[in-house]
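There are two complexes below, and they share chain A, which is joined by chain B in the first and by chain C in the second.
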Partner chain A sequence: MMVMVAGALAGARTVCAQDKLALDGSTTVGPIAKAFAEYTMRQNQNVNITVSESGSGNGAKALLNGTCDIANLSRDLKESERQAMEQKGVKPVAHVVAYDGLPVIVHPSNRVKGLTLEQVRDIYTGKVTNWKQVGGADLPIVVISRDTNSGTFETFKELVLGKEAKICEGTEYTGSNGGVRQRVQMTKGAIGFAGLGFVDRSVKALEINGVAPSAETVVAKSYPISRELFMFTKGEPAPDGLVAAFIGLSRSEKGREIIEEIGFVPVPEKK
Partner chain B sequence: MRMSTRKLLDRAFTWGACLAVGLMALFLVLVLAPILVRGAGAYVFRATTEYRRMMLDQFGRGDEAQIQAERAAVAEARRPLYEALDAFERSLPDLPAARRKELKPAFQEVREGLRLLLGPEPGEPLPALTRRLYGQTRWDRAQEKVRNVLCEETWDYSGEGEGVRVWVPRAPKFAGTALEPLFPLLERDLEGLLRPRLTFYPRFLTDKSLDIHFFGGIGAEVAGTVYLALGAMLIAVPLGIVAAVYFQEYAREGAVITLLRSCVNTLAGVPSVVFGLFGLAFFINTLHVSPGKSVLAGSLTLALLVLPTVIRASEEAIAAVPRAYKEAALALGAGQWRTILTVILPAALPGILTGTVISMGRAAGETAPIIFTAAVSYGALVRPSEVLSQATPALSWNLYNICTEHEAVDEIRHVQYGMAATLVLIVLTLNLTAILIRARVAKRLKG
Partner chain C sequence: MILTERERAQRKLLGLLGRGVLFAVTSVAALAVLAIIFFIARDAWPFFQQHGAGAFFLSKAWYPAHATPQFGAAAIIAGSLLVTATAVVLAVPPGIFAALCLSDVLPFGVRQVVKPVIEVLAAIPSVAYGFFALVVLAPLLQDKGGRLLAAAWCVLAVPVLSLAAVVAGDLLTPERLKGLAYRLVRGLLTALFLTAGGAVGVWGWRALTALQVPSGVNALNASVILGVMALPTIISVSEDALQAAGRELREGSYALGATRAETLFKVVVPASVSGMFSAVLLGVMRALGETMVVWMASGNAAQIPKPWFNLLQPVRTLTATIAGDMGEADQMTGSAHYHVLFAMGLSLLVFSFACNLAGERIVARQRKRLRGG
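Moving on, here comes the complex of A and B:
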């Protein structure tokens, strides 16, 4: 054991800071960040990239505290977060890496095909409590939401509920996109929302205002609950550094393919 | 009390105790058996030809000539499938418009299903993600996937209330088209298309994961867990022994010592997540032991968590050393320090070791303390030289992560069970070691 410690002490000095990258934040951006990390590490064996998925809010905090190099956020920074960063002398720079829609999902046994934005709002604020009120079977609605630390929650609140709205009591809060999907997959009568890349055939994505969520409708902005996914850095990254290369991947051909294959929408090429 | 009542009570107590022990054993089996059995599926499973191709490409393992020959044979078996796809696609423009509109999306689904099952079509540009470069590598998964090609999963909402799941065979839909022969071929000859063979994959334990656990093993997680547990012991054991020696040999009973003892006991009762938050706030944000999460910060936090256990176990071990040993050493002229170092500690060592190994099991299995201080959901294998500054994946945390946060949870069930079984086995082995040590001590003390 002593040998191990001695080795560690000797090795620590030789590890170059440039070769390491720590990412923290959104569980929605997580799959993209992990796939990019794997791709980058395959290209360059000397690089070590770690990705944590603790939610957008914690990602912003980690950037503020200097415990990560890139913060993944599924929403823009809040005013309070920007102010806190300014006070600490951290200048956050936003990079849009992909687009995402927020499909509203239900159990596949649910006969409801689509809802209007107002109906979704009524369900989440507790005005509508049974599926029969919106054309479904006589079944109480189980409302599932992301936790309030997540960017997905913030986006949903802003785009669907409005700033002032209060989510109904009895709502279940779940800590990750995958968690919401699993909860909906197992519960008849459940309703939830998750990033486009997390929704598969095990749940049913509803049409909202008559538009089904898909890559096309998100790009065309016809699907009403769409958003941008961000990576934030401290200041503008050095153009030839690892951070710039990592984020630049999202605009490269390979990176766009990766984003698409995971199920998100790459940023359209500039015309 | 009358004699007969006493006997009755005595017997009832015996039976009650037996029942309690039996129930406990039963629950242990109920909990462990499914985990271990399903976890074994990560190590021993029926692997398809896709698995062997992936292993050769990605890890450079396997007999290249043999695998190439198998590839050729499989490609030959798959040719009629792709011919049917091609022929159908060519015939699409000739179909009546209504029928074309009906069949085209269904055809796309079949095609996508085939890609998932058998990998990219020959001559197709290769996809970017490793998971899409190969078809199903496991026979159990392949059998599930083939159903999605043969049948369409739909929901029937015609009845009252909730919809009902129906699997509608696709073949009748394509009756009379060039695609028709594809379905019986898939149904009949899936084995020929994928060539499943029972495979033992022991390197699941040490291999790196590929494409976030789609392929490969759990080497980075296992290494992370080992580092964290060893690191915690490296810090907690010396501190714990010194504290125990102080409590047992030097401290005079008084208000201060009573307070200190109750502090240690309170520390033992603090929920582990509190240690995690403390570790983040103290070691990382205040002391800056590392720029961010790291094995070091995690080990320090875990060390705090197990410290009370180590102190108590060591105290007990020291207290159990016969007084005569100590008195003999003192009578021979050894000082107190020398007595402790050469007589008491060696005699107490087996007891101390037992406590250490049990605490190590605890440290290896804990999740909450490392979430904020050491664990990441994705990272490469950490080298021993990097433990001071590098964060690491670890079994306990990543098990949770790939069960809930992973974007394809259902596709990697075998990895989840494999990870769970491995973690349980590591903790079990550590506890068994502790039991063995204890047994040896008991024997030595008797003899």
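Moving on, here comes the complex of A and C:
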């Protein structure tokens, strides 16, 4: 696989003149794109890749206006965006590069095994304040969140809270995924969420709507707090071009490693 | 010494040059401060223009990431003030007493060893304090918070309540009673007050031991750590102020027949009170401006605790908000979230500035009074 990607990159240099690549879009997908760009540019000195993070919506706009070659989106295209592209004669092609899932974690001593998505939302909006309201012990719930600027928070907000819900004002904010785990493993009444890669035996990951979070359930999308991360291109990219090589990285061994390191789930190998 | 015209001109020029260089160096420091104020105010201005100062200072709705973002900073300003005030209340009495002890009570040799050690405390990086707060103090507060607070209550309440009972018994005994009757009534009243004080003490003990602390990262945790961080500054600067009062003053006081305690409290302390005030002010600044510790230990919940003095609830401070949100607040598009952080920086700056200015005034007035009296 590695050899193939390197070969494709070498091909890109000789066959086509496209040595520049511009990416724009989601701040969640941004880190993957940046890591890929860094890796690609180290492999091939002649390639210049720029990655902007202006949000999924702006990424779609940039693809439409031709200011980027690849649009990073943490969601699928909206119907309105598709229509606008078709009117302009742009045919968007989706490439799933990774999956993103957020386990909801509690203290290991917590009796509660699982919650519904609704219950998680009610806890985070302050409607439910005690574990006994959701079948646990009589213990006040300590609500812990990532800081509002993180992509992790964005994901949680979109998939659990929805657009209009406001997170309750007593929520504690922590600056890192590791920090959330640390707070949850120390605090009996705590509830928090963190990237799949950060959850270990020191905390208990809850079943949501009866499904436990794991790489498999996230990829299958049966776990409710999960989503696909996309890179969109204008039409199918030329198979020996730089764009195809760049997106192909996500299927390579090195690419998977990078994706796991950042805390996402790589696309499983097809058997 | 006879100088030729040329030599004189040369010297004059050199003198001018020297003064010019020194002036330039001094102005760099002053200009840097002015530049900081200018640049912060420049980036804070668009926020006030778009959203108005009322929404910033009066609203406590802080939802920067919501679809329709709200930037009310009232709860965050209150959090900053609450944490700072508590830290100062916790740090000032022990700090001042430690300074008194070091300068006038302990032998000189002990002071020479202890003072540098205390000053080392000031050199510990704040992230280390923050780590301690998160990993040691927070679980301790969660597991044994009630008992810890009850122990603190004992240390404070036993002496204060006993003293209050004795004084109240003494004051309330009628003056016209004489001899045995007076002593009997006073004894009875004192016993009564002591019992009442004891009841209050036990009630406080019971209430505190029963207290459950759901989360160890809260206003109290941050305040305790900030207090410890402010201590070395307060001790060191107050001790310097007490030393500066001078040997002559103390010897003069002893020569007039004053005891050591009288000398300390009636002569040395009044003479150095302005310096001690500066020390406290520096401590306040240290607590107000500290970022890493509050980011890690305060819980960062943008709320005013209910009731407002409930230190066991998490709060969010201005400094932690700036540090936590600056990373992703969009600078390119000049978003409101970006500018509101500068508005917070400006509030911090103005507050410290006002504090310093008021402090200077008080110190100056105190000096004048001392010189006159």
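A few comments on the model shown:
As a convention for this text, the second predicted complex is superposed on the first by the 138 of 271 C-alpha atoms of A that agree within 3 Å, B and C clash if a C-alpha of one lies under 4 Å from a C-alpha of the other, contacts with A are read in each partner's own complex, and residues count from 1 in each chain.
Note that contacts are C-beta pairs under 8 Å (C-beta built on N, C-alpha and C of every residue); 3 or more make two chains touch, one makes a residue touch a chain.
The shown structure was predicted, so the numbers you read here are calculated from the model rather than taken from an experiment.
In the superposition on chain A, A:Gln182 contacts both chain B and chain C. When the two structures are aligned on the shared chain, A:Thr27 is found in touch with chain B and with chain C.
Contact with chain C, but none with chain B, is seen for A:Thr148 once the two complexes are overlaid on the shared chain. In the superposition on chain A, A:Asn110 contacts chain B only, with no contact to chain C. In the superposed model, A:Glu257 makes contact with chain B only, not with chain C.
In the superposition on chain A, A:Glu169 makes contact with chain C only, not with chain B. Judged by the number of chain A residues each one touches, B leads among chain B and chain C. Contact with chain B, but none with chain C, is seen for A:Ala62 once the two complexes are overlaid on the shared chain. Chain A uses residues 27, 139, 175, 179, 182, 188 to touch chain B in one structure and chain C in the other. Listing the residues of chain B that touch chain A in their complex gives 127-130, 132, 153, 155, 157, 160-165, 210-212, 230, 234, 284-285, 291-293, 371, 375-380, 382-392, 401, 404-410. By the touch criterion stated above, chain C contacts chain A in their complex at residues 60, 62-67, 75, 134-135, 138-139, 142, 212, 214-217, 295-296, 299-303, 313-314, 316, 324-325, 327-329.
Every residue of chain A that touches chain B in the complex is listed here, in rising order: 1, 4-5, 7-12, 14-15, 20, 22, 24, 27, 30-31, 33-35, 37-39, 41, 48-54, 62, 65-68, 108-111, 137-139, 175-179, 181-182, 188, 197-198, 200-202, 204, 254, 257-258, 261-263.
Chain A contributes residues 27, 139-140, 142, 147-150, 153-154, 157, 163-164, 166-167, 169-175, 179, 182-183, 186-190 to its touches with chain C in the complex.
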